[in-house]
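Across the two complexes that follow, chain A remains constant while its partner is chain B and subsequently chain C.
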Partner chain A sequence: MSDALHQPPHQPTGEQTPDPMAGHEALHIDRYESLWIRISMTTLAVFTVAVIYASTAMGIQLPGMHMRLDPRVVATPGMSLFAEPKVTQIGDGEYEAYIRAQAQPWIFTPSEIHIPVGAKLTLYITSQDVQHGFHIDRTNVNVMVLPGQVTKTAARFDKPGVYNFICHEYCGIGHHTMFGQIIVETPEMIAEATATAEAEVALATGVGNPEKGQARFALCAGCHGLGGEGVKGLGKPLVDSAFVAGRTDAELVAFIKQGRALDDPANTSGIAMPPKGGNPALSDGDLLDIVAFIRTLQTQ
Partner chain B sequence: MAVQNLTMPFAGQAAVPVTPTQADLAFTHRLAGWNIGIAISALSIGVTLGVFQGLEHAGINLYSWLIPLNIQSYYQGLTLHGVLNALVWTTFFIVGFFTYALVHSLNRPLRYPQVNQAGLIIMGVGLLMAAVPILLNQATVLYTFYPPLQAHWAFYIGLTLVVVGSWVVGYGFFFTLYAWRKEHPGERQPFIALTIAITMAMWQIATIGVAIEMLGLLIPWSLGLVAGTDPLLARSLFWFFGHPLVYFWLLPAYISWYGMLPKQTEGKMFSESLARLAFWLFLLLSTPVGFHHQFADPGIPPTWKFIHSLLTMGVGFPSMLTAFTVVASLELGARARGGKGYLGWVRRLAWGDPSYAAQNLAMILFIFGGIGGLINASYSLNTTVHNTTWIPGHFHLTVGSATTLTFFGICYWLIPALTGKKLFTKGLALAQAWTWFFGMLFFSNGYHALGIYEGAPRRSMLGAAPYATAAWQPYLVETLFGVTLLLISAILFFTVVIGTTLSWRKLDKAITMPIAEPYDPAAPIPTWLDRWGPWLYGAIFLTLASYGPMLFNLFYHMQLTSPGFKVW
Partner chain C sequence: MKEPDTPKGTFALLVIFLLLTLTLWGNAYFTMLSRGATQ
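== the complex of A and B ==
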């Protein structure tokens, strides 16, 4: 552009002043600028075509109008499709799940969904309280979950494994603990899972490993502090805790699995403890390890 | 002149031009100074909390330090970070900068100074009202305040007053420009004054959405006058406002880049016609694009989302125009300073001037911000980035860099101009600009990557998230490195501001506002680029066409069924 820039195109020389009305409404555009405008418009046009192609030919679908409901009764049994956790097979390799998002404790119900590999899963999601988000790891499912609205979305799972679904909209003080899992299983894994479940029952009557438990405790540390010393306004101290001392391992595991709701009269902390501390992936064996670690914090 | 019949309505009734007296200027400068002082104070708290967030994400939780200050959680800190930086710092700075620039661009005092003063007072009262519940942990709802999270009513009324105050300031500007036009029949409106008025007009249209949300839904609901609210309707009204809000942050930076920065590097405004066209296009296209923030929402038909996605591509166009015109204007300067070659001239830009350097660096970061913005607004690509850390990565390049770093650059001539003191010091200010540039580069790169590769959610207490994996760690360390540079940069900025204000070294000669002259003063500017009617009515029409049917639908089917929740 350097040549064009050396001389202004309109030198104020008097006699060359254009007729006042000619060019009066026309926009003067520099040669290079005009080239740039064409490049810009072409770029934006290409993007537009790409977006149209992706959303039609490639079938990318965004949530739209599905269904509205009254958020106040979403969790009430008998009044809502979302009251009980529900995952059903609706066809060959096709499943659907109704998921209810909730704050305090911050959980999805159901928080664990098992489907066989290759299945297509259709999800209906709503909230019983505030706004939430829903993003399944490694998929294009990334939607908002609003009270009063049902979000419909779907994904096919061709690879076995564990897919986290995470709440990605701020929903209160426990937002970052809110997630669930879709476990996509091969037939062998389904058989193995049954065996593991039996092993875990046996484990639950045994003794945990405090070292493994300490590693797992990192999650609990968010509220209870890294050394179990407690965090004011969040989790109670677990060091030299009379509550811990007064219960068996099995009782403590059962307690952690259930958590402590805010409306529980025994709740004295003013904040809910979510089931399994908010990590639905913890097995009974893991919880037993955590309990074993908590036992090491009791010095008396 | 080719522009005689521009302002026919005023022909034959020209008033005597008024120029500002010393007292007028002193008043204007005091108003601007108060606004900018409040803005910078808010920013000092806002950025400090950002440092705590960066540390928390990398596994270093220092929030216990903040408990004595009654900041009880990550999310209360995050609310302060968002409200103070994105709403208070920007709005107050813009109002202060505009007050100064309008008067100096027109060389005319404010028509009704009391109106502008009243606007500032309303904004200030609103800020205090909103700040108290946030500091008392009664409004930990983040800066988007999505219901049915329910803050204390004072938070909503306070923010509403900030907006109302900014309207009043805008009216003060409109009266002043109108008076100038009456006094100067046949003259075209000066570029800076015109673009300030366009920005404030766009703001008037945009804020209607949030005003309806506040007055119609949230305030009666938080006062207990109605039992419930409609979250989807509230979101839609918020984003009616939320996207043009982005342009409200950006256009003041554009005004400086087009109208002032060329002067600071001895350049000239390359093409004044296209510069004006860009601003009119922003007025036209800023608002009818908001559904691209709601691609992931249920209850909004995909067709509307798609239309808004296409219109968003349209609003990309004036930004691309800006890229050419501004760079050409700066190149003129670099060549006048002896620059040679296809790209070699870049070295001859006024890099030694911190005000110039900061703004040029801001532009470079905005290139990446703009590209990311097109991805976010693409109907099909949004699902890969929606509500991941990619999004804050993006807007730290736009509002956090293009806007904020440009405002820092403006401060480096404006604060000496307002205080009559020498900048303390050029070296510190230059170091500030460069550390901010690299800090944001690393910070936002880490956030973009973490969002798109790992799907890490935005505005989450990631350091305590049970689903965080070891794969996130490198990105979080990268962001922490960026945060460290940003902390150094912020300390430098506040040192320069406080040092300049308290300095005893007076300026040798008064600093005046840099005003870029047109490169080709004789080039005719079409009358349709100086006329308000078509653009303003066009903007109102497009907004009604793109929002009217869906908003009507949402209001018609409104369900006030969501009670409020305080779950923090």
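== the complex of A and C ==
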């Protein structure tokens, strides 16, 4: 064995230790490459700080699960706050809404929410059947709605107007009809809406316009046929319907507003009819026009 | 030895890339801020 191996490792020998990097160049970063690395790192740092600021100081956060809920009792009165969903005022300018999403029929309940301008609306949303989505136009509210889970989110509405909310997760054949509206009203609009509602009640006892009704019947035609002849497996014929013939215009308007759920004992079609045929924007006057058009079909 | 030329074309592309990234990101970010809190 060599004697060198038996020597202490750091024994000074009086000879100069050879440089291990001798013959190798130091790591070289080009000036432009270094500049680009600095720019990239600065950009990422700015983005990160901006996201943290939005999350902590501005309260813009990803929605999370608020609580769990058995989807089998979601629509059972007394078992869940979602059985009779509604909007309630919880403070000065603060409202909360419990919203239930369901397929067959494809609706949000409630599908129309009225709040005054400047109000903050906290939403609790759940599904009683399949996966849905919930997005309010022109807000940051964009959440998934899952059965068994309550999602909580919120938005403040500082501008008056109609904010549509839609299901944006495919949930079945009627997915495209699943939407609702948040109507943000000024005090003047609230007074006007009250007057309009009174006028519509009066109108509902009057006579509708069949020409306007024909245009609005396009949505109904998807299930009942363009001429009211019915579509097999969807909507019943209206032309020779004893149900239609045996009711007043006001009764039919009330029926269309309500729709007919699948579990309604009077439902003989085997398919649910959504409230207002799936268009919550229809007013009583619009429905009366549709009824007037259906009457013309019956006389042909 | 001749010094390499300044890569002007690469500079131009990187500046365009950087400005485009900042503009698109900034637009999305300030749109999000203008839409308000979710909590």
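FYI, the second predicted complex is superposed on the first by the 237 of 300 C-alpha atoms of A that agree within 3 Å, B and C clash if a C-alpha of one lies under 4 Å from a C-alpha of the other, contacts with A are read in each partner's own complex, and residues count from 1 in each chain.
Definition applied: a contact is a pair of C-beta atoms (placed from the backbone, for glycine too) under 8 Å apart; a residue touches a chain by one contact, two chains touch by 3 or more.
What you see is a predicted model; the values in this text were computed from it and never measured.
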{"item": "Partner chain(s) touched by A:148 [first = chain B, second = chain C, both, neither]", "value": "first"}
{"item": "Partner chain in contact with A:156 - chain B first, chain C second, else both or neither", "value": "second"}
{"item": "Partner chain in contact with A:47 - chain B first, chain C second, else both or neither", "value": "both"}
{"item": "Which of chain B and chain C A:80 touches, first, second, both or neither", "value": "neither"}
{"item": "First, second, both or neither for A:175, with chain B first and chain C second", "value": "first"}
{"item": "First, second, both or neither for A:59, with chain B first and chain C second", "value": "second"}
{"item": "First, second, both or neither for A:36, with chain B first and chain C second", "value": "both"}
{"item": "First, second, both or neither for A:140, with chain B first and chain C second", "value": "both"}
{"item": "Of chain B and chain C, the chain that contacts the larger number of chain A residues", "value": "B"}
{"item": "Shared contact residues on chain A - chain B and chain C", "value": "32, 36, 43, 47, 50, 54, 58, 60-61, 63, 138, 140-141"}
{"item": "Contact set on chain A toward chain B in their complex", "value": "1-2, 5, 8-12, 17-18, 20, 23-30, 32-33, 36-37, 40-41, 43-44, 47-48, 50-51, 54-55, 58, 60-66, 68, 70-72, 103-104, 129-131, 133, 135, 137-138, 140-152, 164, 166-177, 179, 219, 221-222, 232-233, 277-279, 281"}
{"item": "Chain C contact footprint on chain A (complex, rising order)", "value": "32, 36, 39, 43, 47, 50, 54, 58-61, 63, 138-141, 153-156, 158"}
{"item": "Partner chain A, residues of chain C touching it in the complex", "value": "7, 14, 18, 21-22, 25, 29, 32-33, 35-39"}
{"item": "Chain A contact footprint on chain B (complex, rising order)", "value": "1-2, 4, 67, 72-73, 75, 78, 140, 142, 146, 148-149, 230-232, 235, 270-271, 273-274, 277, 294-302, 305-306, 309-310, 313-314, 316-317, 320-321, 324-325, 328, 331-332, 335, 342, 374, 378-381, 383-384, 386-388, 455, 457-462, 464-467, 519-524, 526-529, 557, 559, 561-563, 565, 567-568"}
